[in-house]
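Okay, got some structures for you below.
Common to both upcoming complexes is subunit A, partnered first by subunit B, then by subunit C.
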Partner chain A sequence: MSVYKWLDERLDLSRLNKKFMRKAFPVHHSFFLGEITLFAFIALVLTGLFLTFNYEPSTRIIKYQGTELPAAYASVLYIDSLPFGKVIRSVHHWSAHIMIAAAFLHLLRILVTGAYKKPREINWYIGLGLLGLAVVTAFTGYSLPYDAYAVTATQIGYGIGASIPYVGQWVSQVMFGGEFPTLRSLPRLYSIHVVWLPLTLLALIGLHMLIMIKQKHTQPRYAEKIAPGKILGVPMMPMQASVMGLLFLLYLGVLFILGGVFIAHPIEAYGPPGASTPAVKPDWYFLWIYGILQMIPNSWVIPLPWGQEINPEFIGGVLIPGILGLAAVLLPLLDARKTKMRYLELPSHHPLRTSVTVGILFFFFVGTLAGWKQELGLSNAVLWTMLILIPLASAAVTYMLMRSIYGKGDQTETAG
Partner chain B sequence: MYRNDTVLPFFAILFSIALFYAFRLDAIHLEQLAGEAKEELTPGQIGLLAFSAVFLVYGLIGYFSTWLEGVELRPGRHVPEPGAAVAVVSVLLAVVLAGLSGFFVRLLLHQMTVGPVSSAAQGVVFGSIMLVAALLLAIYKKYYLGDEVLIEDEHSEVPW
Partner chain C sequence: MSKKNVTSRRAVIQASLGAGLGLAGLSSLFIAGGLRPKKEITPESEPIKEGDTFVIAQGPDKGKPVTLDTLPLGGPFVLAWPMDPKTKVVKSGERNNLSMIIRFNPDEYDAETKKNSDQGVIVYSAICTHLGCTVSDWLADQKIFLCPCHKGLYDPRQGAKVVGGPPPRPLPMLVTKVSGGKVVAGSGFLSPVGPVGALARNKAQV
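And now, the complex of A and B:
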């Protein structure tokens, strides 16, 4: 207590407590999806720090336990041999997957509850940027173990990046240090993966949370009856902090059990990169893009001036995801409101938005399914029909079902 | 979405189990095709497990949130009254936590001095330590910390 008093006399901690730590946090379980994303990022940073102590970002050949191997590959084998090392590396890998999955579900929650509307448009854009950056950060970590899988999977991404007309070569030069894999590729990707992207993510997460604290959460609707126009919530300290601590421990518990039981990327199973290229698919969050790439015939080439062209890799890997991204950017402008939004909208009250969301989910699902085109023995014609019809049909059926169950929806809800 | 109830957390846990089951079926199918169990996971399996984990954590914290914070907030203070049974459970959990921590250190020492220890054992023991600590924190929050619900003006000075 005397330490607190000593600090309080110098730093005025009681004022900090009164002003910041008493901030009211509304309570709803759906808010935890954002927190799971945050804790996944924290777990990534902590486990990543451990990995940097022993990882060597180099493709030079060294002798490791009597075998000649790339230094990066050998250093990952060394990490795996350390006590708890294999689990920590696996947990790092799993946390990246979970962060992307949780961020995607968090974004879906924001979408179906209309929480992107005024005044939260800026945070919607920051959230989109964060999801995109999280995917790019995960991708730059792909190649680092430098095993046969990592090299082949990174080459798929390199091909997509290099396919962008006019700027593709420049992008690949910046990201990969030239045509992947070169001697400069690993140091470049390593620097981007452990310094530049995490710092950018950290800055954006900080900004995202700062704006969220300023604008407050969209509250559950019942709060309107108890304290209309006010914020109904629990104080940051100690109530909200204790539940956040509980979530962090739960997350770590599930993560470490998962990471220990299922080693996410056992590099011995893949082996070092060799002359033959293994048939691999990219990670699950790229599978829908990979699936669409499988469906686009090589003949889809549009020539552009100065010897450039729009090729299938650009159409599937950049253009189609770009159109979806643009739709997300335009959403707060198209589905806007003049008054400030204070409460969560019920998905059942907004059948059009909810059914379009269901359609988009089916688009991702069918695109992902197309990633197994060869294994499933499906032709391009069948897959294109599925990719267009299934999302449209699922959206239409959802819309009709919602209209028949819930009616037109609560129009008064959007009035402010 | 109307209140902090357990409807979505229930379906999240159900969905998590379904995704894990889909992962198991896929693993069994691939094992039959290859004639042996593969060490590496396919991207599809990783995706299924990643979403299964997110839904599980979300479902669990959803149930904890309803238990600890209630379905609807009501302004005011609530002073807890921990009984003897709560104290006994807390002590037992603390003993389990200490035991697991000691066992975890033994596992690490064993790997350093004798030879490799299964990653699954290390992960499960460390994960269990975290889960027991989570339970202890939940009990502390429920029975010792009490509740406080505030009504704050929308235009507070935080952070500016």
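And now, the complex of A and C:
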């Protein structure tokens, strides 16, 4: 390999090789969740770059093939008419779903195995930030096709942002370019969606991985049995890299089949924005907020000084998700350990943490169910009872089952 | 001169760095002020005012004037944009102008709605006071407006009072006139339109 040799003599590649390319990757299927998140991000960037070639962030009405349409909507129709245009737009859309789903499952894996503890608190926080920013990025993408669904969904986001006491109007008007929809709205949201957030995500992903390489992966429990005290795993080059390469190609293959068979967000079906509201629900990761917003009666108002108030929109759209976020931020501080963690904790050894996680998942499920409040004919009283009792009951049942099956948990683990 | 009175290089550098960063921060606030766009008013985005007529906002009759004949007694309602009668400009450039017009037998109305209506016709804002969706659905059996976003319910016969769901305030109405069969605005909306939070709620109570 004379090219390698030539580069090596100039860039000292073998030193880099020794330092990074031999990094050991533990072998466990749950360790691929973070990688799938990364693959989805790469696919989003690549398909997104393609979309920027022809997308026009403008709400101005133009004539497109004889019909008066907003320029953004017409440009998405044009993208759809290109060879594979619709499929690439679908892959972009589905990849956003997969990125959020994989990131959430990755977070769950970290949560139930206690990997947020010392020394990995920093990466827990970066990860939380990444998940939050990924959701915001997905949301800013909602508005861009500028169809009836896009406008309605973005309108609701504007209203939720504006409901924050004191600063809400400012936050929403800066994010949405004035009182949405204005002529400034799409350029603003487009800039945020394709420049600011992706660059921030990219920087944070880089940091997330550098810290992971520096601190080394947590080791699965089997590593302790086979070779206690040693780092066990396959090296990045060539083994992990080939698996990753294969998995990425597999990801692209599956996504292109999925995107080709299920065209995402067919804008002709929603039509350009009109006077009436289309009958739509938000994407699955917002359904629990959507459900809870429908459950909060308009009497839940707490006045604040200077004519401000905490209102139902703020409680459902900001406060409740914010409390869950705050709990995640406080977790490494509340459940701390003194020594550095080397091996993953087994969920079965930590019945309290595992059962609280199960309870939180049921909270999401019931909130999501409330998204069908009208269709299911459920009253607020029934839904609130379910939203409070089902998570508590499921956590309690899980805790009791785990205690009876696994006993008190592993006492030795916390010591070392 | 004793050594204590000599300012160290480090202190000078720290002070100048601090001052420089502080000034840079302050001046960037000036730029950040431009992030919140100014409200731009064009003829199409002027608010509804007295004398405006209405045109149908959607469907096959889009753009036709709203008259008594287009309003079935007892609902459903018609979504409409205001139009300046002199310039014939349809004011659809401001979403908060979107109105819903409905006609009932005036005896079915409560006192305030009856006072502001004319020949049973009343104009309401179509922008939900919860999170700003268009209140575009009609429950024909109960004669109730439904906002499909978060299932807010308003009763058109009681000043669009909230009768279910999360909206904080009734839909604003305007003084409605019927002249020559055409529906005409007798005023702007009597309370703030859309989800403007606490300020609007306080103003609405005044």
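The criterion applied here is as follows: the second predicted complex is superposed on the first by the 416 of 416 C-alpha atoms of A that agree within 3 Å, B and C clash if a C-alpha of one lies under 4 Å from a C-alpha of the other, contacts with A are read in each partner's own complex, and residues count from 1 in each chain.
Note that in this section contacts are C-beta pairs under 8 Å (C-beta built on N, C-alpha and C of every residue); 3 or more make two chains touch, one makes a residue touch a chain.
In this text, all values refer to a predicted model and were calculated from it rather than measured experimentally.
Undergrad: In the superposed model on subunit A, is it clash or fit for subunit B and subunit C?
TA: fit
Undergrad: Going by the contact rule set out at the top, does A:32 touch subunit B (first), subunit C (second), both, or neither?
TA: Only subunit B is touched by A:32; subunit C is not.
Undergrad: Put down the vertex angle at subunit A formed with subunit B and subunit C, C-alpha centres only, nearest 10°.
TA: So the angle at the centre of subunit A is 130 degrees.
Undergrad: Contacts for A:152 in the overlay, against subunit B (first) and subunit C (second): which applies, first, second, both or neither?
TA: In the superposition, A:152 touches subunit C alone.
Undergrad: Thinking of the overlay built on chain A, is A:311 touched by subunit B (first), by subunit C (second), by both, or by neither?
TA: A:311 contacts subunit C only, not subunit B.
Undergrad: In this superposition, which partner touches a larger number of subunit A residues, subunit B or subunit C?
TA: The larger set of subunit A residues in touch belongs to B.
Undergrad: Could you say whether A:374 touches subunit B, subunit C, both of them, or neither, answering first, second, both or neither?
TA: Only subunit C; A:374 stays clear of subunit B.
Undergrad: Tell me the contact category for A:18 with respect to subunit B and subunit C: first, second, both or neither.
TA: neither
Undergrad: After superposing the two complexes on chain A, what is the shortest C-alpha distance between subunit B and subunit C, in Å?
TA: Value for subunit B versus subunit C, nearest C-alpha atoms: 13 Å.
Undergrad: Contact residues on subunit A for subunit C in the complex?
TA: 152, 155-156, 158-160, 162-163, 165, 168-170, 173-174, 177-179, 181-184, 274-279, 290, 293-294, 296-298, 301, 303-304, 307-309, 311-313, 316, 373-374
Undergrad: Which bits of subunit B are touching subunit A when the two form their complex?
TA: My answer: residues 1-4, 8-9, 38-44, 46-47, 49-51, 53-54, 56-58, 60-62, 64-66, 68-70, 72-75, 107-108, 111-112, 116-117, 119-124, 126-131, 133-134, 137-138, 140-141, 145, 147-154, 156-160.
Undergrad: Give every residue of subunit A touching subunit B within the complex, in rising order.
TA: 19-20, 22-24, 26-30, 32-33, 36, 81, 83-84, 86-87, 90-91, 94, 97-98, 100-102, 105, 113, 149, 210, 213-214, 216, 220-223, 226-227, 229-235, 238-239, 242-243, 245-247, 249-266, 268-270, 281-285, 287, 342, 344-347, 368, 371-372
Undergrad: Over in the complex, which subunit C residues touch subunit A? Could you list them?
TA: Contacts found on subunit C: 35-40, 57-58, 79, 81, 95, 98, 126, 130-137, 147-151, 162, 165-168, 195-199, 201-202.
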